[in-house]
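In what comes next, subunit A is part of two complexes: it sits with subunit B in the first one and with subunit C in the second one.
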Partner chain A sequence: MGKEMFNSIKLKFISLFILILFLLFLPYIFSSSFALTLFCKMGVLIIFSVAYNMLLGQTGLLSFGHAIYFGLAGYASIHILAAINNSYLPSLPLVLLPFVGAIVGLILGVSIGYLSTKRLGTAFAMISLGFCELITALTLIFVVFFNGEDGIQADRVTGNDLFGLTYGPQSEVYYLILFWCIITVLIMYLLTKTPFGRMCNAVRDNQQRAEFIGYNVRKIRWIAFSLSATFAGAAGSLHAINYEHIGFESVSLVQSGMVLFMAYIGGIGNFLGPILGAISLTYLDTMLSDVTEAWVLYYGVIFVLVIAFAPQGISGIILMHSPILRNNPALLKKLITPYSIFLVSILLLTIGFTSIVELIHSIKSNHETLKFFWLSFNNKNILIWLALGLIMTSGVIASRKSFGLVKEKWNEVMEEIKLSLIK
Partner chain B sequence: MNYHLELKNVKKSFGSTSIIRGVNLNIKKGEIHSLIGPNGAGKSTLYNLISGVYKPTTGTIKFNNKNIENLPSYEIYRLGLSRSFQITNIFPKMSVFENIRCGLLWSMGYHYSTYKILDKDKNLNMKTNEILEQISLSKFSKESAGLLSYADQRALEIGITIAGGAETILLDEPTAGMSKSETQRATKLISNIAKNRTILIVEHDMGVVFDLSDTISVLVYGEIICSDEPDKVKINKAVREAYLGD
Partner chain C sequence: MSLEVLVFIIFNGLLYGMFLFMLSSGLTLIFGMMGILNFAHASFFMIGAYLGYQISENINFWIALIFAPMLVGIMGAMIEKYGLRNIHKYGHIAELLFTFGLFYIIEEMVQLIWGKTPVPYKVPEILNFPLIEISGMSYPAYSMFRLVISLLIFLAIYRVLAKTKTGLIIKASLTNPNMVAALGHNVPRVFSNVFGFGCALAGLAGVLAGNVIGTEPSMALLLGPIVFVVVVTGGLGSIKGALVASIIIGLIQTLTISMEYDLNSLINYLGFQIDINSTINHFTSLTLSQLSPIVPYILLIIVLIARPRGLFGKRDV
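Moving on to the complex of A and B:
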C-alpha cells in the first residue's frame, strides 16, 4: 500500500518532469510564429481558466464577471510598461510584472469579493454580471485611464531583462509565459491540498455542514474569490505583455463568458479540466476563426451540447473510464464499436450542419459558390440544399440512436464492474 | 445549580405563528438527555435555536455559562457544541475519509490555512482513521460519501459531528428510517460516543429513548410539559395524555 502510493507519486513526478521538458522544447518542435503565438495565448488562458475554476468548480460559485480582474490587471500592467517606455518609471524586469497584475487582482478581489460573497447562487451570479457591465462601461467612460475603444499600447522591450532577455522575439515571451504558467498552476494545485482548498469543496458540497464543523463559510468564499482574482490578475498581466495592447473587450462579458466556456467544456469537476478546455478551445478558436466567420455560432453550439449531454466536460468523460481501467481494462474493448459508430454519426451531423450554415452564410455575402473542404457548391441549386438537409437529418437520427447504444453498452460494462467488485 | 446547557423562557415565532412558546430546559453535564414529542411540536426548531441557525425571539440560551443565543453557528461549534441533522447532511462528492478529515480541521488548529499540505500530517490522518474505525466505515474510506447506503451515511454524519472532539452533541433523529439491525448498530454507536460527552437527542423510537436516556423532556406545542427520569416520565399523566397516547 505504502509502496504503491510512493510509486504513484514517483510516476507523477516523472510525468511532470517529461511534460516540462517537452514544453521547454516546444518552440523548437513547432517553430512557426503562428504556433508560438498560439502557445502563448494558450498559456495565458490556462492560468486564467484554472484560476476561474478555483471559484466555479472548487467552491461552487458561478461568476459572470471574472474578466474584470484579468482585464484591469492587464490595464495596470500596460500603464506600467508605458511609463517605463516614457521613462516615468525605472525599468523593471518584465518577469516581475505579473506580480503587479496579481496584486491588482488581489486588491480588486478582496474588495469586490467582500460585497458579492455576501450572497450565493443566482444573486452571486447577478452581482458578478453587474460588476462586469459596470467595469466595461467604465472603460468607455474614463477615457483618461482606459482610452476608450482603442485601448492602450505599450512596448514590452524595455531594455535588458534578467539573463539578457529582451522579450523582443516571441519565443522569449513564450518562456516567460511558460514560467508563470507552471508556477501559478502548481501553486493552485497545491492549494487544493490545503485545509482552505478542502473546505472550498466542503462549502461547495454542503455549506450548512461546513458551518457546523466550525467554518465561517462566507470567509471561505471570500478567500477563494480573492485568490482566484489574484491568479486571474497574473494572467491578465501576461496577456498584456503578450499582445503589448489591452482593450475594453478584455474586461467584458465576452472575455468572462470565454473563460466560463473553457472551464466548463474542459470539465469543472477536475483540476485538469480547465487546462484541457483552455488548450482545445484556444486551438479551435484560432484555427477556425481563420476558416469561417460562423465560428462563434459553432462555439455556442458546442457549449450547449456539452452542457446538455456531457456536463462533466472533456476531463469528466475521460475520468469516467478510470474505474474500468482500474478493475478490468479488457472491458474497454466492448466500448470500441459503439464509440466508433457514435463518432461517425457525429461526424455526419457535423458535416451536414456546418455545410448548411456555411451555405446560408454564403448567400448573405453574395458568393454564388461555396468552397467547402474539397467540394464547391452552388447555393442556388436546390438539390444541394436537399442533399445537405438529408445528410444532417440522417446525422441527427444516427447520433441519437448511437448515443442510446453507447449508453446501453456503458451500463452493461458498469454492471460487470460492480459485480466484480462485490465478489 | 449551574447547568451545562440552559434554556430560559425561549420563544420563537415566525411571523404571527409562535412555534416555541417559552421553553425552559436544563441539561446536566455528562448526561444523555432525550427530547421527545409529537410531530410539529417544535423539536427541530428548538435544535436550530440552540445551534444558532435561528435566533430566538426572546429568551436566553447559556452554554457553559456563556450566552450563545446571538452567536453564529460556527462560533457555537467552536465552543464545543456540535450537531447532526434529521436529513443526512454530509459532503456527498467528497470521499468518506475527506468527510471525516474536514470535521477534524478546525479543532486541529488548521483553520483557514492556505499553505499546509494535509496529506503530510500523519497525526491528522491517523485520527481520521481512528474515527472511521469507531463508526465502522474504514472499509469505505476511499468511496465517495454520496454512494454509501443510508445507514452508513447516517453513521458518517455522526462521525463528522463528533470528529472535532466537541463535548456536547445534539443528535436529530439518528435512527429515523433505519431497519431493526441498523437501529441496533446506531444505538450502540451512540452509547459508545456518549462516554465523556453530553448528548441531547431527538428520537421517535421509544425503545431507543428509554434504553439510552438519563433524562427525558417532552415537548408539546412549543412547551416542555415534563422533564424527568425515564421511569417517572413513563407514568406522568400529562405525558401519557399528550403523547404516549394510552
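Moving on to the complex of A and C:
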C-alpha cells in the first residue's frame, strides 16, 4: 500500500511538473495578443472559481455574493496602483499586490462570514444575495471611492519591478498571473487534503454527525468562508492588474452568477471541475461574444441543462469512466456507439436551436439574410423556419431517446464491472 | 414634517407596498407550499408585463388583463412539470440554481423577442384620469384600480387557503404528500398548479404594473431581490406576513426617499462642524434618500440572521 501511494504521489508530481513546463512555454506556442489576453483572463477566473468551489463544492454553501470579495479587492488594488502612480505611496512590487487583495478579501470574509455562516442552505444563499445587492448599491452611492458606473483606472506600469519586469507587455502579466494561479490553486488543493478540508466535507454531508464528533460546525463554515473570500480577493487583485480598470459590475450579481456557472458546469464535486469550467466557459464567452449577441442565453441554457441532466458537471462525467478504465478498458468500446449517437442528436438540437435564435435576432436587427456557419438564410422564407423547427424537434426527440440508450448501455457496462469484481 | 407631507408619504407608501405585495404574493405561495425559492419569479412578472403590452397593443387592455396572466401561469406550470419536478430529487439548492438559470434565459429571451429598449406600454385611456387629489397631488384612477385588485388578490388567496378544501389539500400536500396521494389526490399536479398559479399572480402584477414602472428587460433584475426581501421578512408561506412586510417596506422606502437628512445635520445639531472639503464629508453628507436603495437589503440580512422565520412564519427559511 505504501509503495502504491508513493507511486501515485510521484505520478502527480511528474504530471504537475510537465503541466507547469507546458504553461511556461504557452506564450511561445500561441503568441498572438488575443491568445495571451484570453489566457490571462482564464488564469484569474480559475483562481476565482476554485476559491468559490471551496465554499460550494467542499463545504456545501451556495453563495450568490462571492463577487463582493473579488470586486472590492480589485477596487482596493486599483486604488493602491493609482496611489503609486501619483506617488502618494512608495513603489510596491506588482507581484505583491495580490497579497493586498487577499487581505482585503480575508477581512471582508471574516466579517461578512461571521454574520452569514450562522445559517446554511437556502437562508445562507439569501443572505449572500442580500449582501451582494447591498454592496452593489453602495458602489453606486459612495462615488468618492468607487466612482460610480465609470469605475476606476490605474496604470500597472509603476517603474522597474523585481527582476527588471515592467508589466508593460501582456506576456509579463501572463507570467504574473500564472505564478499566482499555480501557488493559490496548489494551496487550495493541499487544503482539501488537510483535516480541515475533510471536516468541511463532513459539514457538507452530515452536519449532525460532524457536530456529534465534537466539532463546531459553524466555526468550520466560517473558516472555509473566510479562506474562500481570501483567495477570491487575490483573484480580484489580479483581475484589476490585468485590465488596469475595475467597475461596479465586478461586484455585482452578474459576476457572482458567472463564477457559479463556471464552478457548476465544470463540476463542483471534484477539485478539477471549476478549473475545467473556468477554462471552457471563458473560451466560449470570448469566442461567442464576438459572433452572437445571444451568448448569455446559450450560457443559461447550458447551465440549466447541466443542472437537470448532469449535476456532476463536465469533470464528473469524465471521472465517471475511471472505474471502467481501472478494471476493464475494453468495455469502453461498448459505449462508443451510444455516445456518438447521443452526440449527433445533441449537435442536431444545437444547430436547430441556435439557428432559430439567430434567425429571430436577425429579424430584430433588420438584416434580411443571416450567415450561419457556411450557409446563409433568408429570414422571410417560411420554409426555412419550418425546416429549422423540424431539425430542433427531431434533435429534442433524438436526444431524449439516445440519452436513454446511453443510460442503458452504461448500466450494462457497470453490471459487467461489478460481476468481474465479485469474481 | 407637516401633516400634508405625512399623508402624502403614507399614501404613496401604501401604493408601493401593495404593488410589492401583488408581485410577491405568488412567490410566498410557491415558497411556502413547495419550499422552492423561485429566483425567476420576477422574470415571470416581466413576461406578464410584456404579454400585457403585446396583447393590449393588438387587442385591448382588458383582454390582456385576463389572458396574459393565464399564459404566464401555463408557462409556469409547464416549467414545473418538465423542469423543476425532475430536479426535486437533488434538493432545494439545485432547484434554486435551476430557477437562477431560468432567470438568465427569460431575460435573454425577452431581449431577443422585444429588444433591449423599453416598450411603450401605456396606461389604458379609460382609467387615465385623476380620481382623487391629496395635498395637491392628484392620483389617477388607474393606481386606485391596482390598489383594489391587489386587495382582492389578498382576500381571495387568504380565503382559499384558510377556508376551502383546496387550501387544505394544498397545505396537506406539503406536510404529508404520501397521505394526500393515498386519499386519491394527484400530488404532483397540485404542485404544478400551485406553481402555475403563483406565476400567474406574478404575471398579473406585470400586466398591471408594467405600464407604470416601465416595461424593459432589466425590470426582473431590479425587482427580483426586493421580492425575496418581502417573502423572507413576511415569513414562509404566510400571505398575511407578505402583506404586512410589503406595506412596511413600501412605507420605509417612501419615507427614506423623501428625507433629505444627512449625518452632517445631526453633527451640527450636536454642536460640531465637519469640514466640507474633508474626505469624511463624502460619507456624512450622504442623505437618507441617497441611502434608501440599500434599506430593503439591510432588512433582509437582519431578518435572516435574527429572526429567520420572519414576521408571521411558522418555520425557519
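The rule is simple: the second predicted complex is superposed on the first by the 423 of 423 C-alpha atoms of A that agree within 3 Å, B and C clash if a C-alpha of one lies under 4 Å from a C-alpha of the other, contacts with A are read in each partner's own complex, and residues count from 1 in each chain.
The criterion applied here is as follows: a contact is a pair of C-beta atoms (placed from the backbone, for glycine too) under 8 Å apart; a residue touches a chain by one contact, two chains touch by 3 or more.
Since we're looking at a predicted model, the values are computed, not measured.
Here subunit B and subunit C are compared by how many residues of subunit A each touches, and C touches more. Using the contact criterion defined above for the overlaid structures, shared-chain residue A:253 touches subunit C, although it does not reach subunit B. Once the two complexes are overlaid on the shared chain, A:193 sits against subunit B while remaining clear of subunit C.
Judged by the touch definition given at the top, the superposed model places A:326 against neither subunit B nor subunit C. In the superposition on chain A, A:142 makes contact with subunit C only, while subunit B stays out of contact range.
Shared-chain residue A:134: touches subunit C; no touch with subunit B. Contacts of A:213 after superposition on the shared chain: subunit B is touched, whereas subunit C is not. Contacts from subunit A toward subunit C in the complex involve residues 62, 64, 115-116, 118-119, 121-123, 125-127, 129-131, 133-134, 137-138, 141-144, 253, 257, 260, 264, 294, 296-297, 299-301, 303-304, 307-308, 311, 357, 360-361, 364. Interface of subunit B with subunit A (complex): residues 51, 72-74, 77-78, 82-83, 85, 89-94, 98, 101-103, 105-107, 110-119, 160-161, 163-164.
Residues 37, 83, 86-87, 90, 92-94, 96-98, 100-105, 107-109, 112-113, 115, 221, 225, 228-229, 232, 279, 282-283, 286, 290-291, 293-294, 297-298, 300-301, 304-305, 308, 316-317 of subunit C are the ones that touch subunit A when the two sit in their complex. Residue ranges of subunit A in contact with subunit B, taken from their complex: 190-191, 193-199, 201-202, 204-206, 208-217, 219-220, 223, 227.
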